[in-house]
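Alright, structures below, take your time with them.
First chain A sits with chain B, and in the next complex the same chain sits with chain C.
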Partner chain A sequence: MQAETISHEVRGFLEPYIDDTEFSNDDDIFEMGLVNSLMAMQLVLFLEKRYAFKFEGADLDLVNFRTLTRIQDLVTRKLGKA
Partner chain B sequence: MLTTEQRQNRETAVRFMQAHAVPQATAWDEQGEIPRAILTRMADQGLLGTFIGTGQGGRGWDALSFGLLCEQTGAASASLLSILTVHSMTLQAVAQWGTPEQKQRWLQSLATGKTLAAFALTEPDIGSDASNITTRIEPEGTGYRLTGRKKWISFGRHADVFLVMARQDKLPVALLVPRDTPGLTVAPMTGLLGFRSAGLAEITFDNCPLPAAALVGRIGGGFSHVASASLDLGRFCVAFGCLGIIEACTLDAVVYARRRRQFGVPIFQHELILELIADMITGAKSVRQLCYHAAALRQAAEPESILETTVAKYAASRTAARVAGNAVQVHGAMGCSSQTRVERMFRDARICEIIEGSNQMQQLMIARNGAAEYLREARRLEKGTGDGVGA
Partner chain C sequence: MASERKIKCVVWDLDNTLWDGILAEGDTLRLRPEALNALKTFDERGILQSIASRNTHEAAWLQLEAFKLDHYFLYPQIHWNAKSGSLGAIAEKLNIGLDTFAFIDDQPFERDEVRCVHPAVRVFDAVETSGLPALPAFMPRFITEDSRRRRELYQLDANRNQAQAEFKGPEEKFLRTLDLRLALAPAGESDLQRAEELTQRTNQLNTTGIPYSYETLRQRMLSPDHLLLIADLTDRYGDYGKIGLVLLHRTASAWTIELLLMSCRVMSRGVGGAILTFLRRTCAENGCELYARFRETERNRMMYVTYRFAGFSEHGATPDGLQRFKNDLTSIPAYPDYLTLNLAPELQIHRSAIKDGERINIPVWGDTPP
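The block that comes next holds the complex of A and B.
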């Protein structure tokens, strides 16, 4: 899978929750207040289901989830390991 | 519709609760304590780790079967439900986020109920505003020192291990803290409206030494992932537990209304009583649908399961409080006496509107996150491709 496809799909998942706020792939979606704790959990389930892997405790660094680029890197790493 | 297996699992839960909890629950409430022997018996039957795989000491039940166990537990004793809830929340955290070493040390022991756990988030000055907790860790040598106070901790009086939410500087962390950690003290809490036999306690951590292996997940992921996933499971348990309260109250109200005579006829024949009972039955049926829907989504690990569980918990706890109130009303003075279980359930149901995130917190989550579905639909309609919200 193309890495850019991942950030595009994650954006598609998040956008309805975020309404009309524009954000780039490198914006911190947590710091911008775009993602709350419920959405963070939904995001974890979305990624696990869509890309068919399981997160582990070691992945649980919020840094990994802060921007679309970082999420894309994390997913790519996980898929590489699988 | 339940599968054969789900029906059997429900039967296991019904049999256990009818034999060991229902007859004792009011006495436990009065004594302010559930005997450890009951929890041991529950553990012996594998009822404290049902959702964990059989290879790891659990029973490998699906989400709905676990929900049905919570329903039966709630119908018997909300205090017992709360112990099952906090134990399950910690078990879930270890199963989902634990390191191989943590799983080795805790998973089987928790799943079999050899070790019993509690969940410690709330503090004297911090409740709903959970991301601002003040309990903290500081690195020391290869491990940490933990300092702070937790309050209103269900089963805190007796738990063998605590899943504690704290911070390192600004970053949230989750830690497994055994009860015998030096510097940890437990002060029982009494005088509660409900959940009187849930063993609530205040826990103080006075510079407690912890190894690095106490950390669950990574530094920074303690709240957004570990605590949130535990609270999600907690809401699932409480939603089903409330369904149990609703069913038990409805049953008792119907039976009492048939038996109790006033103005020469059973009060069941008075239409204003029927109105109360109709409301109870409707509440039971609608909450069951919401709970089953949340269970199906949870089983499929669908992202929507988080919101739907929140909706189920919010609706179930509100309905339980209303239905328990109706049940007290139908029982008249008897409903105000511990000779009936609806008196206890009325008090316990009220607590369910506060725990695992108060209902105001649920409302905020539901409105903010649930709105997305409607916005999506509005956009589709604008484009002329709308297919209906909830379709």
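The block that comes next holds the complex of A and C.
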């Protein structure tokens, strides 16, 4: 799977929840107020279902979900291991 | 095991099930007395009800209004598509599992179609209607204030969900429009039936999935080593009811969250996070450790993520074989600005109020204070 596909799909998932604010793959979406820990939780469940894997406890640190690039890297790493 | 779960939602067919006759054929329709009786009985017992009917929505709804029954049904599915899809849609909107659904239809084809797609749904022929209220699956152990009002509470949720679907922008902005108020207080005797009901009905937002009886909860409430808290949530749409429960075990040096649960109706309202923030702050300010018990079930992944995001990590096992988590008690966030937390006076524990080395002693609070 193309890594870019992951960030694209995450954008697709977040889109209904955020207004027209533009953000890059490296912007901190928490700091920008686009995503909070509740959204991050929904995102975790979405990713686990979409890509059929489970995050391990240590992955579930909000720091890993602050930018699309970080999310993409983490998911790519998980899928590589599986 | 699955078939023993109590029914939370009954989905009715209309033609020759709720009423005699076929609407689309211009028949004179007559309500079936046993259906009307079951409908009202279920409603009083706090069982939710909906509709899966193949008809045009307008015509069927006018008929239900004429019978003055329209207000009984949540998320009615009246269209020409498959009924399995209708049941799936209702379960999703109500956010409850299909294994707590019953479906009543006079047509063998429809019953088979639903059974085939959703084997967990309990399916009944319309001729069985009169016997249903007497089946144990349709009899809750208690009828609490919250269960009596359940239809109304879900109706309020439907209004909120509508507003949320129409809202454009970050979820947090939407939450700010709600004026959420969370009250947390030690449970009293009058809360125990609802507390028991919560431990038995709540699956997704439940850290252990272990049901507690009224008696056990009463013992915990009275135990000096435990603290049983009940959470109540309101917003500008109205009251959500008593929607959360926290059972804490306390020693002088460590608190353990034996159970944390919330009704699925308050998912994504930040209730769990706010309660955990309160507990983390209290422990950090008073220099004691914070632990939690966790038992993974098929449905409670959300609570695992909640614990992890709130600074808990795995820390061995508890004596009774559950997973034990320990909180790092660092980077404790502020309370979310979209939610007002109202703590009972007994829970407002500040370091300044406690002398060095003194044990935190939150009094037990029953109906008659000791």
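Please note the rule applied: the second predicted complex is superposed on the first by the 82 of 82 C-alpha atoms of A that agree within 3 Å, B and C clash if a C-alpha of one lies under 4 Å from a C-alpha of the other, contacts with A are read in each partner's own complex, and residues count from 1 in each chain.
Note that a residue touches a chain if its C-beta (ideal position, glycine included) is under 8 Å from a C-beta of that chain, and two chains touch if they have at least 3 such contacts.
Remember, it's a predicted structure, so these values are computed and weren't measured experimentally.
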{"item": "Chain B versus chain C as contact partner of A:Glu31, first or second or both or neither", "value": "neither"}
{"item": "Per-residue touch tally on chain A - higher for chain B or for chain C", "value": "B"}
{"item": "Which of chain B and chain C A:Glu4 touches, first, second, both or neither", "value": "neither"}
{"item": "Which superposed partner A:Tyr17 touches (first chain B, second chain C, both, neither)", "value": "both"}
{"item": "Partner chain in contact with A:Ala40 - chain B first, chain C second, else both or neither", "value": "both"}
{"item": "Partner chain(s) touched by A:Asp61 [first = chain B, second = chain C, both, neither]", "value": "both"}
{"item": "Chain A residues contacted in one complex by chain B, in the other by chain C", "value": "17, 19, 36-42, 44-45, 48, 57-58, 60-62"}
{"item": "Chain C contact footprint on chain A (complex, rising order)", "value": "17-19, 33-42, 44-45, 48, 57-58, 60-62"}
{"item": "Chain A partner contacts - residues on chain C that touch it in the complex", "value": "168-172, 268, 270, 273, 301-302, 304-306, 308-309, 313-314, 333, 336"}
{"item": "Footprint of chain B on chain A - complex, ascending", "value": "13, 16-17, 19, 30, 36-46, 48-49, 56-63, 65"}
{"item": "Of all residues in chain B, those that touch chain A in their complex", "value": "97-99, 102, 131, 171, 216-221, 223-226, 228-229, 232, 301-307, 310, 365, 368-369, 372-373, 375-376"}
